[in-house]
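Before anything else, here's the structure in question.
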Amino acid sequence: MAELLQLVVFGLVLGSILTLGAIGLSLTYGILKFAHFAHGDFMTLGAYFALSLVAMAHLPILLSIPIAALATILVALVADRLIYRRLRRTRPVILLIASVGVALILRSAVQIIWGPNVQVYSPGIQLPYVIPFGDGAIRIKPDHLIIMGGALILVSALHVFLQYTRVGKAMRAMSDNPDLARVTGIDTEKIVLWTWGIGIFLAAVGGIFAGMDAQLHPVVGWRLLLPVFAAAILGGIGRPYGAIAGGMTIGLAQELSTLVIDPSYKPAVSFAIMVLVLIFRPRGIFAGRST
Amino acid sequence: MIKVENIVKRFGGLTAVDGCTLEVPAGSITAVIGPNGAGKTTLFSIIAGFLKPNEGRVLMDGEDITGMSPPQLFRKGLVRTFQIPHELPRMTVLENLMLVPEAQSGERLLSAWLSPGRVRREEREIRARAEEVLAFLSLYELRHELAGRLSGGQKKLLELGRTMMTEPRVVLLDEPAAGVNRTLLGKLTAAIRQLNEERGYTFVVIEHDMDMIAELCHPVIVMAQGKVLAEGSMDEIRRDPEVLEAYLGGAHA
Amino acid sequence: MTGGYGGVDILQGVDLVVEPGEIVVIIGPNGAGKSTAMKAIFGLVHLREGHVTFDGAEITNLQPNKIVERGVGFVPQSDNVFPSLTVAENLDMGAFTRRDDFEPARQKVYELFPILRERSRQLAGQLSGGQRQMVAMGRALMLEPKLLLLDEPTAGLAPAVIDDMFASIREVNRELGVSILMVEQNAKQALRMAHRGYVLAAGRNRYDDTGENLLANREVAEMFLGG
Amino acid sequence: MDALLSYAVFFVSIAGIYAILSLALNVQWGLTGLFNIGIVAFVAVGAYTSVLLTVEPSATFDGGLGLPLPVGFVGAMVTSAVLAFFVGLITLNLRADYLAIATIGIAEIVRLFLKNEEWLTNGVRGVGGVPRPFAELGQVWMPVAQMLLVLVLLAVVFFLIERARRAPWGRVLRAIRENELTVLASGKTVKAFRLQAFVLGSAIMGLAGALWAHFVGFVSPEAFEPLQTTFLVWVMLIAGGSGNTKGAVLGAFIIWAIWSGSQFATDLLPPEMVTQAGALRMGLIGLLLVLVLLFRNEGLLSESDQRRGDLAREAREERRAG
C-alpha cells in the first residue's frame, strides 16, 4: 500500500511538470494553430537559465524561477519575431518544421553555453520527509512539495487569468474562432504575443521543476516533449483545461505502470496512451462538450 | 433510380435536413431548388456519401446505399460535383481529368513499375478521352494550364468534365451555373442535355438559375427548411403560392 | 464597388447608401452577391474598384478592427459566437477595444434581449440558434456602433424566432438610433420593416426603392423564380 | 590508395545512403505530405533486422542467424514496412501533427526496445562483427565495391520512385495533397494511397538502415541518433526541394558535404571546445532548416521545376506520337 502511494506521489510530481508543459502547448496550438515542437526545448532553456541564477548569481531557486521564466519568454518572442511571424501566412505544417529547427538551435545553444554534462541545482542529497504508512513509509522530498505546490499555484493563476481578465477571455475567444475574433475588433497580434508569454512561462517553470525533480541535461525538455504532447492530446489539444487532466493522467499512469511493466519502458506508457486516444477519441478524452 | 427516404441530418443544434423524402426518376434531369439554408447541399453530400445521415435511407435502384463511402458510390456510377469548384489547383487541366477514370493499372505500384508499356498505353487512352471531354467543354486550348488559373466559370466546366471521365449513371450537380457567364452557360446547358439524351446519364441539379431549370429540368423539387415543399414541372412550381412564399420568406408571417 | 474573391469579381459595380437612422435591406436571388457586398464594406473582401466611405471618411479595404473602431459593427451569418465563452464573456469581447466603462452598454443589451441576462453565465455554445443570434448582435452593440451590418440574421431560425429577431432589429434601430444594413432571405418581412431596400442580381443593382414599393413590385417577386 | 581518394569513396558511400533516405522521405512528405519525424525508427529497425539475420550466432544473445546478406536486406525492408503499416493504419487519417508526434513516439519505443531487449539485440553493448559486403575483395577494393553497391541501389530506388511518381500512382498522391475531397469524389480510396506511400517510404528507410549497418560493421542503440538520421534527412529534402526527386538526391549530397565539412571545421577548434562540436553542428542543422524555410522554401530544385520538365517531355512525346 505504501509502495502504491509512493508511486502516486511520484506520479503527481511528474504530472505537475507535464501539466505545465501541456498547457502551454495546448494554448499555442489553440491560438497559433500549429504544433510547437520546440516547446520541450524551451523547457530546457528555462531550466538552464535558472541554473545560472542559482549557481552563478547565488540566488535562491524560488527567486530564480520567475526571472528565468521571463528570460525564456524573451527568447521565445525573439524566435516569434524572427521566424514564426514571417511564416504565419504559410501552411501550419511549415511552422511545425520551423519549430523543429528552432528546437535544434535551442538545444545546441544550451549545450554550448552550459555544456553537455548532467548538472544539478544544489549539490548534496535532499533529506526526504518520511511519512510512515502501514507496513512501509512514503518519502517526499521538499522539492516535490515545491513542484506540486508551484504547479497548483500557477494553474490557479492561469485559471483566474483566462476566466477574468480581458486578455485571457480574448485568448479563449481567439482559440474558439480566430476569424470572428478579428471581426469583433480583437487585436489578434497582441493576443499572439500574450499566448507566447504565458505558454513559454509555464513551460520554463515546468523545465525548472523537471531539473529540480531529477537532474539537468540538454535533452531534458526534448525527452519530455512526447509525454507533454500525449497529455495535451489526451486533454483535447487546444484546450488548456483538458491539458491539466491530461498531464496528471499521464504522470500517474507512467509512474504506476512500473507496478506491472519493466520500468525501462516507462516512457512508452505515455505513447501507448496517446495512441489509444488517437484511435478511440481523437479529439481527446477530456475534450468535453464542443460545437 | 435514387430514392431518398425520410433523411434527417443535424449539426449540433441545427437540423439541416428534416425528414426529406424524394425520388429521382431514371433518365431524368431532376432539379432541386429552394432558398438558401433549405438543406439542398447537405442532402447532396448525404446521397454521395460525404456525410452520414442521423436518420433515414438512400436507395439506388432499390439497393440501400446509406453510409457507403464516396469511392464505393463512385464505383456504382454515382458521382457529384461541388458548389465551389474543387479543382486541383497546381495540377494541369488535363491531369485534373486524367486522375478520374477508375481501375487505372498505373495506380497500382507494381504495375507502375513492372508494366510501364501497359501503363503508357492506358495513359494514352485516358488522355485521348480527357482531350475529347475538354474539346466538348471548349477547354481544349487550356489543357496544359494549371487548373488554379482558370476562371470561375471554366472551373465549373471542369467540375462537369470530371463526371464525364467515367460512365456514370447518376450525376449530382451542385449549382453548376453559379458564376458562369451567359455564353458558357448555354454551352453547359447543352452539354448536360446532350449527356442526358445521348448517354442516358441521370442528373440531379441544385440550381438557382431558374431559366436554366425551366429549360432543362423535369421534375423540379422544391425544398425549404429541410423538407420537400413541392414537386412538379417548373410552370407548376411557379404557380404554387407556397413556393413563392418560401422564397420571399413570408410563409409564416 | 467592384471586387470579389481570388480574382473573380462577384460584385460588378454595386452602389449602396445608408443614411443615418435608416434600416436598409439588401435582397436578391441566391448568388447575387449580397453577402459579398456586406463583407466588402467591412474590409473582408478586397475591392478592386470603388470606394466605401463612412461618415465622410474613406474606409475602403481597411482592416476589420480599424473599421470596428470607427463605429461599424458586423454580425456574420454563421459561427458568430465564441462557443466556449459565456454569454457575458461574448459581450465583453465586443467591447475589447473599449477602455472606458462599458457596463451601461451591457445593460442596454440586456434590456434589449432580457433572455441574455438570464443566460449570462451560460456557455454560448449551449444556446439555441435564436439566442446565439442575439448574443452575436449584442456583442456588436457593445461598442455602441453607429452602423450595424447584419448578414442574414434570421438564416436557419425557426419561424417564431424569426419574428422576434425582426422585432429586436427594429428596436435596435429605434431605441438605440443605430443605422442598419442587412442582407435578408426573408424578403417580405424584411422589406416591411425597412426604410429602403436594394435588390441585387448577378452582382449588380437591379432595383432600389422604399420597402413598401419594392413589396408591391411584381417584378421583384418574380425575379426570385425567374421567367 | 591515396587518402583523398579513399575519403571521396567514403563520402560518396555515406552521402549515397542519405540520398536513399532523402528519396524515401520524398515519397512520404514530398509527394504525399506525410509528416514523419521518426525516420530513425525505420532506419534502426531495418539496420537491426538485417544485422540479426546475417551475423553469426552468438552466445550472448539470441539474434544472429548467419543468413546471406540479401536476405538481411529484404528482411530489413519487410520489418520496417510492417512497422510502418501499423503506425500508418492508426494515424494516417488524422491531422499531420498527430502523425508527427506518433512517429516520434515510435522512434522512442524502438530505441527503448533495442536498449532493453538484450536477449535479442545484445542491449546497449550493440552488435559487432556485422558481415560486410565484398569483404573478400580486401581493404583496398572493398570500399569501392561497397560504394558501387550503394550507388546501384540508389539508382534503383531513384528509378522506381521516379517511375511511380510519373505514373498515375504519383498523380493520385499529388491530388490527395491538393484536395482530398476531389480525390474521394473521383472514387479513390485516399487512405489506401497514403498508407502505400508511407509503407513504401519506410521500407526504403529500412533498406538504407541495413546498408548503413553493413557499411559500418557495428550497430548499437546509440548509433541511431534522431539528430543525424531524422533531422539531417529533413534538411536534405527541404533544401534540395521536396517533391522533386532530383532535388532529394542533390540535397543529400550538398547537405552531407556541409555536415562533414563542419566536422573538419570543428576539428580545428581548441581541444577544450571539442566536446561542444556536436552541439555546434546540431545548431547548424536547425539554422539551415529555418533559413531554407524563410528564404527558399521550395528548395534548390523545386517541385514545380520538375513538373514543368515532365510536361515538356510529355509534350515532346505527344508531338512524336501525333
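Per-chain residue numbering starts at 1, and chain names A, B, C and D are given in the order in which the chains are listed.
Criterion: a contact is a pair of C-beta atoms (placed from the backbone, for glycine too) under 8 Å apart; a residue touches a chain by one contact, two chains touch by 3 or more.
These numbers come from a predicted model, not from an experiment.
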>> Contact counts by the stated rule: is the higher one at A-C or A-D?
In response: A-D
> Quick one: which chain's Cα centre is the longest way from subunit C's?
Replying inline: D
> Hey, how far is the Cα centre of subunit A from the one of subunit B, in Å?
Replying inline: 49
> In whole angstrom, what separates the CA-based centres of subunit A and subunit C?
Replying inline: 43
> How many angstrom between the C-alpha centroids of subunit D and subunit A?
Replying inline: 31
> Distance from the CA centroid of subunit C to that of subunit D, rounded to the nearest Å?
Replying inline: 55
> Counting only residues that touch at least 2 other chains, which ones in subunit A make the list?
Replying inline: 291
>> Which positions in subunit D are in touch with at least two other chains?
In response: none
>> Two or more other chains touching the same residue: where does that happen in subunit C?
In response: none
> If you go through all the chains, which pairs of them touch?
Replying inline: A-C, A-D, B-C, B-D
>> Going by the contact rule set out above, which residues of subunit C touch subunit B in the complex?
In response: 8, 10, 29-31, 128-129, 152, 154-156, 159-160, 162-163, 184-190, 221, 224-227
> Considering the complex alone, what residue numbers of subunit B touch subunit D?
Replying inline: 48, 50, 69-71, 74-75, 79-82, 86-92, 95, 98-100, 102, 104, 106-109, 112-113, 116, 119, 123-124, 144, 162, 166
>> Which stretch or stretches of subunit A touch subunit C in the complex?
In response: 166, 169-170, 172-173, 175-177, 179-187, 289-291
> Inside the complex, what are the residues of subunit B that reach subunit C?
Replying inline: 13-14, 35-37, 151-152, 175, 178-179, 208-211, 213-214, 237-238, 243-244, 247-253
>> Going by the contact rule set out above, which residues of subunit D touch subunit B in the complex?
In response: 160, 163-164, 167-169, 171-172, 174-175, 178-179, 181-189, 196, 200, 304, 311, 315, 321
